[in-house]
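Each of the two complexes below includes chain A, the first together with chain B, the second together with chain C.
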Partner chain A sequence: MKHRGRGIASMWYPVGFTGYSNPSGAVVKLNEDGSAVVLTGTVETGQGSLGALSQIAAEALGIAPNDIHIVSGDTDTCPMDTGAIASRTTYITGNAVRLAAEMARDTLFQVASGMLGVKPDQLEAKDHKIQVKSFPSRSAPIADVCNRAYNGVGTPPIGSATWDPPMVPMDAEGQGKPFGTYVYATQIAEVDVDDETGEVEVLRITASHDCGTAINPMLVEGQIDGGVYMGLGFGLYEEILFDKTGKQVNCNLTNYILPTSLDMPEIDEDIVENYDYTGPFGAKAVGEPSLVPTAVAVTNAIYDAVGVRITALPATSEKVLKAIKAKRAAEQKQIPA
Partner chain B sequence: MAEDLLERAPDVLEKPRAAPVETLRRADEGLRLPAVAPPTTLPLEPPLVPQVGEQTRAVGLRAQRPDSRYHGLGLTRYIDDIALPGMLYAKIKRAGISSARIKRIDVSKAEAMPGVQAVLLGREIPLNLFGTSIVDQPLLVDEIVRHAGDGVAAVAAVTEQIAQAAIDAIEVEYEPLPGVYDPLEALQPDSPKVHGGDTNIYFKKLIRRGDVEKGFAQSYRVYENRYTTPGIEHAPMEPFTSIADWDANGRLTVYASIGRITLARVDLSKTLRIPISRVRVIGTIVGGNFGGKNEIRHEPVLALLSKKAGRPVKGRFTRVEEFIASTIRHPMIMDYKTGVTKEGKILARQIRMVLDGGAYCSFSETTLGKASILAPGPYAIENIHVEGCVVYTNKTTSGSMRGFGAPQVCFAYESQMDEIARDLGIDPIELRMKNFFREGSMSATGQVLHSVKVIESLQNAARKFGWEVRS
Partner chain C sequence: MNVTLTVNGELRSASVPPETTLLVLLREHFMLTGAKTGCDIGDCGACTVIVDGKAVNACLMLAAQADGRTVVTIEGLATREGLHPLQQVFEETGALQCGFCGPGVIMTAKALLDENPSPSTQEIRTALAGNLCRCTGYVKMIDGVHEAAKMLQSTETPALAAPQQR
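Take a look at the complex of A and B:
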């Protein structure tokens, strides 16, 4: 018989390295026509980080993400980057890109100040224009300003910057400020557990994640979906088995069991509204955290469904069935009052 | 079973068995053609030019990814789509034994094979060690094998098949050594020591705040549970693949599917003992990382094979190598002791954890660090004591993997929160709400937290899920 259950898990997760410097550099170059090139030493690892970095640069320059070309992943042409690790790209590389873009933008403001007859700090970059704050009818197309910077004033707009989260290394008692910021999340799972086979079917997962500002909500949702997938594998199926001499037994995809699309539950993603003043335009992270609470939300739901607590992952059907049988045997041994 | 199939497809028997010759010919031609995508005319839409006055809100936009068209059309160029003229293929011989001393290694048969262009042993590598904190991992083992996936020799040949045949022809004689395969056994004083010395522990972490004993003494109930999690594999679709290529000036270019090119360049420079300015690393689009591709793996070996052969060399892990010769998630054993009031307020939490680090250090220091810092959970607790250690065993190296210890400790702290809620008869949401961090709460390391949204995440999730409190 199938039993339905629900389980909650909340978590917190830090952004960046644990108490060590992990800087990123970035270079932003505006072209003569107001489009831009961003150089970054990180690499696209499938998560869409280059898209997010384009959006950050575009926001700072008042142009569109499509106006930006990103050059990445080449140690000869790109500035250093600690890399696509520790959920740090949007937060740390993003801050470097924002600062570099603002530096290039400052050159534009200098040039435009002469064109518009105001001080540079009265200007803002918006809608492909450099315009006077609170008086947008006085403006110049960003292409004209760039062209003038290149060919008139002789100051092509180039910005470069680095950023490293502010930290205090931990002491012997573990006291310190190891990270710039943290993210938070809660996932709730609904499962069906078959008490005759031990099989667990995850029906749906509601995943609510704080990532600061979502630079691109679509990418955040994609990360959550991928994280839930990984968390399911961690919770229910995946385990590297070693024999008595330390050799892996199931070292291939035929016998190391990963979830497939058929195992995926319905996922309801939610992005908590937030703005972190330390992040680029308020952004933090979502890459790793999305997987963290899934497995235990599922095992807590298994307990809710059939009353067995899985304390050693993964909660395979065999393990769940064994626990159900053990629980029944224990119940049978009790003398009725 | 067979009858079943026939019932469902009765016309199978009636159809003529022999296909017309023309059909066979076309099928045969189809098989001979290389697999190519249908022709695509690029670009797919007129080039975009900046439009003055166009609304440019960029942050928060559901913008199309710059790489989405490539992925959608199957046009993304991954590392394995790259072939350089005259490129050779490398294979690495794996030890296949977890703890041993190499007594003799004979590569003469491999060297004599037609098509083999270079053979490499560990002693030929200028600095045959790498690592992100403790530098303890040989690229190719010279003497002591510490886990079954250790490489002992490498070959570059004109095809992958010849390279594999040459690897199989290398003879290695091992003297088996006692090994240790369980992290708790590795803690025993009389256990074999994976890296010599008098202990297998290579990092310890302590975080202490308040007085847990006092907290437990004041508690209404104290819960003690052990939680364990296994080693798991990143299982990216794309296994480790790199290409090494030297130019006439002695400058090395490495194409690699790696997430940290700046670090890779430093490690190549160190292991090959050449200046950083003579190394270029080009990071290709990574076909799945999940933390597994954060450090060099076989790149210096490929570089030296390439140098010997005078031709570019590609190395590509098999799926089995991806399991046994890369890194895995740290298996963890976690003991949680938590004292609470009758109303469910946590007064003290003591955590002891042991991480199975496998044969080499890799990212163990940071994994232990993150696991220890995060172990108490997103809860404001006055009295906390966390102590953890990571130990060597003669197993696959544990390294960085999406979450760095966080999924393991979250499994522990949230299992126990559920346990406590059940036992005290408090709704699990209410129990968490009572204990959650607030804006300005202090973490176990003494950090004042900002941007805290754990309460909102639970409220949102409960509302969207339709959580109803049961009486």
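Take a look at the complex of A and C:
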């Protein structure tokens, strides 16, 4: 018979380790036509980080993401980046790109200051224009300002920056702040457990994630979907098995089981935005955190459904059935003869 | 041995050793590297192509078995006018992340939509069950197949209707 259960799990996850150096560098140069080139050492692996970095540069420069050309991952030409690891790209590389873009933009403010007859600090970059704050009709197209910077004033707008998350060192009591910031999440799993086979079917996962500002909500959803999927594999299916000599015995996808499209539940991605003052435009992270609570939410749901605690993952049908049988046996023993 | 087959609308021939798989024929003799070599034993679906209308793991089919048949690979979908609706939707909605499984997933989805123009979510899930993806959790892929099905039904010449806003 199938039993329905619900489980909940929450987590926090640190972003931007300190303790040893964790920098990213970036170079942003504006071209004569008002488009821009960003050089970054980070690597796009499909998560969409270059898209998010384009948006960050575009926001700082007042142009569109399509106007940004990114050169990435080439150690011959790009500044150093600690890596596409530790859910750090948006937070740390994003800050470096923001700072470099702001530096290039400040050169434009200097140039436009002469063109518009106001002080540089009275200017803002918006909608492909350099304009006077709260007086946007007094403006110059960003391409004109760029062209003037190159060919009139002689100050090509180029910015470079690095960012390393600030550390609060340990005090005498061992207290400090080891990470730049933290993200939080809660996931709820709804499962059906068959008490005759031990089979667990996950019906729905609701995943609420704080990621700071969601620079690109579609990509954030994609990261949550992928994280839940990996968390589900971790919780129910995936396990590397070794024989006594230390050789892996399930080194094919036939016996190392990934969830397929038939195993995936409905996923409700719930983005809980807040503004983190240390992140680029308030952004933090979402990549790795998205898979942290899934397996726990599922095993809690199994407990809610059939009353057994699975404490060693993955919670395979065999393990769940064994636990159900052990529970039944223990309950029968308690009945006085 | 000699094999002759229609690949993406073009009649092509090659002289290959008898143990050559369709995947090796496509990738190494015809230089069509869109179909990916993943597990090479039929588990992952990254090599999926369409043979006579059916989605097939090209790593499990011998080149000789494809002799005289019609094969469509991912390279055969986009036209001069634009991407196939599946490709367009997958690109615009983030249905792929690293993209390695993408050609196989899209060919499986195309074979499904050719046979069943408005599949249910369960039918899409069943069709995609042989294509493993490590990144996306299949969520936006399933949504994308629904979306592409709608686009394909909304016009009589779907391949030509694709290029809006490109």
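Everything below uses one rule, namely that the second predicted complex is superposed on the first by the 326 of 337 C-alpha atoms of A that agree within 3 Å, B and C clash if a C-alpha of one lies under 4 Å from a C-alpha of the other, contacts with A are read in each partner's own complex, and residues count from 1 in each chain.
Basically, a residue touches a chain if its C-beta (ideal position, glycine included) is under 8 Å from a C-beta of that chain, and two chains touch if they have at least 3 such contacts.
Just so we're clear, the structure is a prediction, and the values are computed from it rather than from any experiment.
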Quiz item: Put the two structures on top of each other at chain A: do chain B and chain C fit, or clash?
Solution: clash
Practice problem: Look at A:261 in the shared chain and tell me whether it touches chain B only, chain C only, both, or neither; answer first, second, both or neither. | Solution: second
Self-check item: Residues of chain A touched, compared between chain B and chain C (which is higher)
Solution: B
Exercise. Figure out whether A:248 sits in contact with chain B (first) or chain C (second), or with both, or with neither.
Key: first
Quiz item: Given the touch rule stated above, what does A:210 touch, chain B (first), chain C (second), both, or neither?
Solution: first
Practice problem: Based on the superposed arrangement, let me know which partner A:218 touches: chain B (first), chain C (second), both, or neither? | Solution: both
Quiz item: Given the touch rule stated above, what does A:50 touch, chain B (first), chain C (second), both, or neither?
Solution: first
Exercise. Return first, second, both or neither, reflecting whether A:311 touches chain B, chain C, both chains, or no partner chain.
Key: first
Practice problem: Clash-wise, after the superposition, say which stretch of chain B runs into chain C: 6-14, 24-32, 114-122 or 258-266. | Solution: 24-32
Practice problem: Could you list which residues of chain A make contact with chain B in one structure and with chain C in the other? | Solution: 45-46, 48, 218-219, 227, 230, 252-253, 258
Quiz item: Of all residues in chain A, which touch chain C in the complex?
Solution: 45-48, 218-219, 221-222, 225-230, 252-254, 258, 260-262, 264, 267
Exercise. Would you pull the chain B residues touching chain A in the complex into a rising list?
Key: 48-67, 96-99, 147-149, 179, 181, 205-209, 225-233, 235, 258-263, 265, 279-291, 293-294, 319-320, 323-324, 328-329, 366, 369-370, 372-374, 377-378, 386, 393-396, 400, 402-404, 406-407, 410-411, 414-415, 418-419, 422, 428-429, 432, 436-437, 444-447, 449-454, 456-458, 460-462, 464-465, 467
Quiz prompt | In the complex, chain C residues that touch chain A | solution = 39, 41, 43-44, 93-94, 96-99, 124-126, 128-132, 134-142
